[in-house]
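Some notes on the structure that comes next.
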């Protein structure tokens, strides 16, 4: 684990995204009130993402345990075929929170898969990536707008 | 949480995959002995995937806690740009292990991101999906070979 | 930890309840769409209860880790002053699931407290108790209908 | 999760309480050396409460993970029918520790239930509430002495 | 993780031991009521060992998660210089519980270290080993009575 | 849990060691590429040690949860009979990290046991101790070079 002992705590943020591509059957099931037999899908996914972000240091072997100031996760139907998930994490610490944001969107996406899978197992979780980070020694960073994967996404 | 109390335990397996698209800088860093400053990347990712699969029930709100018979995770450089990760999970239980396999490849992919991110943050985790499942009431299931995302792969 | 090795697995269920007494300010905040600034209160509480039930064996020192067949948690406004929470847990195992049901209602109640506390800290979690259990060597058991605490509850 | 990034770390404390109402059989079992077949009841409960307080952020979905300075949990026989549990938690952080104190007394109470339940399942956990908090933007707060529930308690 | 899917569940037990060598100062502190400033040392250690055994599968990367039938941990002053810890774990499963027994004695030993360390940091945890296992394909196994380390013991 | 609220955060480090005594069969198995059927032994052990150190506060009842700056774990064949494990942990906090370092070497040692046990169960984990600590109110501390146990170790 990289030694962060000489770094100074600064405000850091990270935003990540993920897409869940649904089959028509799953879309139909989810949009029927956006509740599967397992409950409200998108809100459950958001909550799962928040809770997973707090446990990133347990999952990712070399991540540092750090106090987090806030975690926001949003999951919404982007169009008939896709759910778009974004997460923003903030902390004032000596390491960044990129992994926390990525873990949040990922576990939110897995939760959607779990809640939709009885209606169809051919969902695909796509294009999990960091959108932006701020703070820290390496400074601010922003993903290029268009990648081969997201270009296909309106 | 769906009641699985009337189901009979049967042998169940699930196999999932994920791809990590690397930037040239990350590829260079990883293939320089396949070790980042944080250690051996692919083996660390495999181990993280195995350990995460065992904790799927903690992460995914409505997953059942079940004993697992085996978890295999493989991460390898597919070509200069991509790591391919697969996971197969087996159990004899009343629920399937799709989520365990998907969680394993996902956390393995996140671990690769974590270990490569100092060399470049523009990695993308792509196309996490179930490849195959066997056993259970809904029977065997296999993903169609080509999807819009993986067709672009190889 | 009591040795359960000679017991035979049987179907077991347990149902527990808890009450959260709200102050008028919290009631007003919660019923304004039943969402606090932190999100949908009752559904978040239900989910927290489900997730906590799965981790009962980590929290209660002498509880056995067991596979669970189902966990149902329901939180609803009982009247203007109280939220009523019930949880039913089922398993086929060598030990009962009383503690899992009690843990579920308890953590659900704590979650409601957490989400309402900015509107008023004088909430009280009342009368957490087992309502019923079935299965196991000690057989079925049902709480007497009225206790001094719940008699006050309509 | 509420953003606490602009708050300044201050010393914060919170004290909570819970009551466990015992049946005569359980009282007899516990006071027979205050040990059940499962071990020393009150001390086990105190320890379980301490350990649970450290994991509050995992259990309560929107709680922040924070370093804690101290956790004290006390469980004692109040009279022949009741165990009284109190917990005080301290930290220097940007969020309060009310939920940590409440989680501590709650899990301590559940542990007493678990250790006594073979002697009688009709125990009731009563009147879990915050007694006092200090520090933070909202300042100090103290519960009113008497509530309908605790008035019955000497 | 080794596939245990073709094995049949059988009764399995494992017993392990560990020794904690104390300095005179720590011995004096512990035997002064066997309570450190942190509480009753030996009982806290036993409880920590039990709780850790249940989480062995989280700590040891390739251990299987399995239901456990019982965990017994005993810590006692062997003589003025040493605490002796033993743990016995039982299950009916497809894998053994050697690691659970070893984890229990180890974490119990670490807990004693933690509670005594303010009185002296020169404690040594010695000779953690498996004493006996029964059941499973490889059959029963018993440690040879005397090893170079334990011969020095008693 | 001891109140550390009046202490000032300072840089703290702790280094611990453990030894795993192998039987000839296990040595042969491990040195055959240093991979057991379960994978690369020493690297898996190092990773398990790092991950366990982060969870020390969950395992050791009275340990404080603290952010950690770095964790280094090294496991290497010392001679034909022994693996030597060391761990160094650093933080800037109000409590020391002795327990984190000890937990790291301990879980690393248990992992080696787990991975070698199919080749022979007579391994012994020996002489787990603190080598050095720096920082904090009690100042720096260093273990005496030779103890009865380690004198036997070259």
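As written, the chains take the letters A, B, C, D, E and F, and residue 1 is the first residue of each chain.
Keep in mind that, in the parts below, a contact is a pair of C-beta atoms (placed from the backbone, for glycine too) under 8 Å apart; a residue touches a chain by one contact, two chains touch by 3 or more.
Remember, it's a predicted structure, so these values are computed and weren't measured experimentally.
S.K.: Could you tell me which chains are in contact with subunit C and with subunit E alike?
M.R.: Touching subunit C as well as subunit E, we find B, D.
S.K.: Please name the chain that ends up farthest from subunit D once chain centres are defined by their CA atoms averaged.
M.R.: Between subunit D and the rest, the longest centre separation is with B.
S.K.: More than half overlap in residue numbers between the two sides of the subunit A-subunit D interface, or less? Answer same or different.
M.R.: Result for this pair: different.
S.K.: Rounded to the nearest whole Å, what is the centre-to-centre distance of subunit B and subunit F, using the mean of the C-alpha atoms as each centre?
M.R.: Spacing between the chain centres: roughly 29 Å.
S.K.: Can you check how far apart subunit E and subunit F are, centre to centre, with Cα atoms defining each centre and the answer in Å?
M.R.: That pair's centroid distance is 16 Å.
S.K.: Find every residue in subunit E that makes contact with two or more other chains and list them.
M.R.: 1-2, 39, 44, 47, 51, 55, 58, 61-62, 65, 67 - these are the residues of subunit E that touch more than one other chain.
S.K.: How do the chains pair up in terms of touching? List each pair.
M.R.: A-B, A-C, A-D, A-F, B-C, B-E, B-F, C-D, C-E, D-E, D-F, E-F
S.K.: Tell me, which parts of subunit E touch subunit F in their complex?
M.R.: Against subunit F, the touching part of subunit E is residues 1-2, 37-39, 44, 47-48, 51-52, 55, 58-63, 98-99, 102-103, 106-107, 109-111, 113-115, 117, 121-130, 133, 138, 141, 143-144, 147-149, 152.
S.K.: Mind listing the subunit C positions that touch subunit E in their complex?
M.R.: 1-5, 57-58, 61-62, 64-67, 93-94
S.K.: Give the list of subunit F residues in touch with subunit B in this complex.
M.R.: 39-40, 43-44, 46-47, 51
S.K.: Note which residues of subunit E are touching subunit C in the complex, please.
M.R.: 11, 47, 50-51, 54-55, 65, 67-72, 90-92
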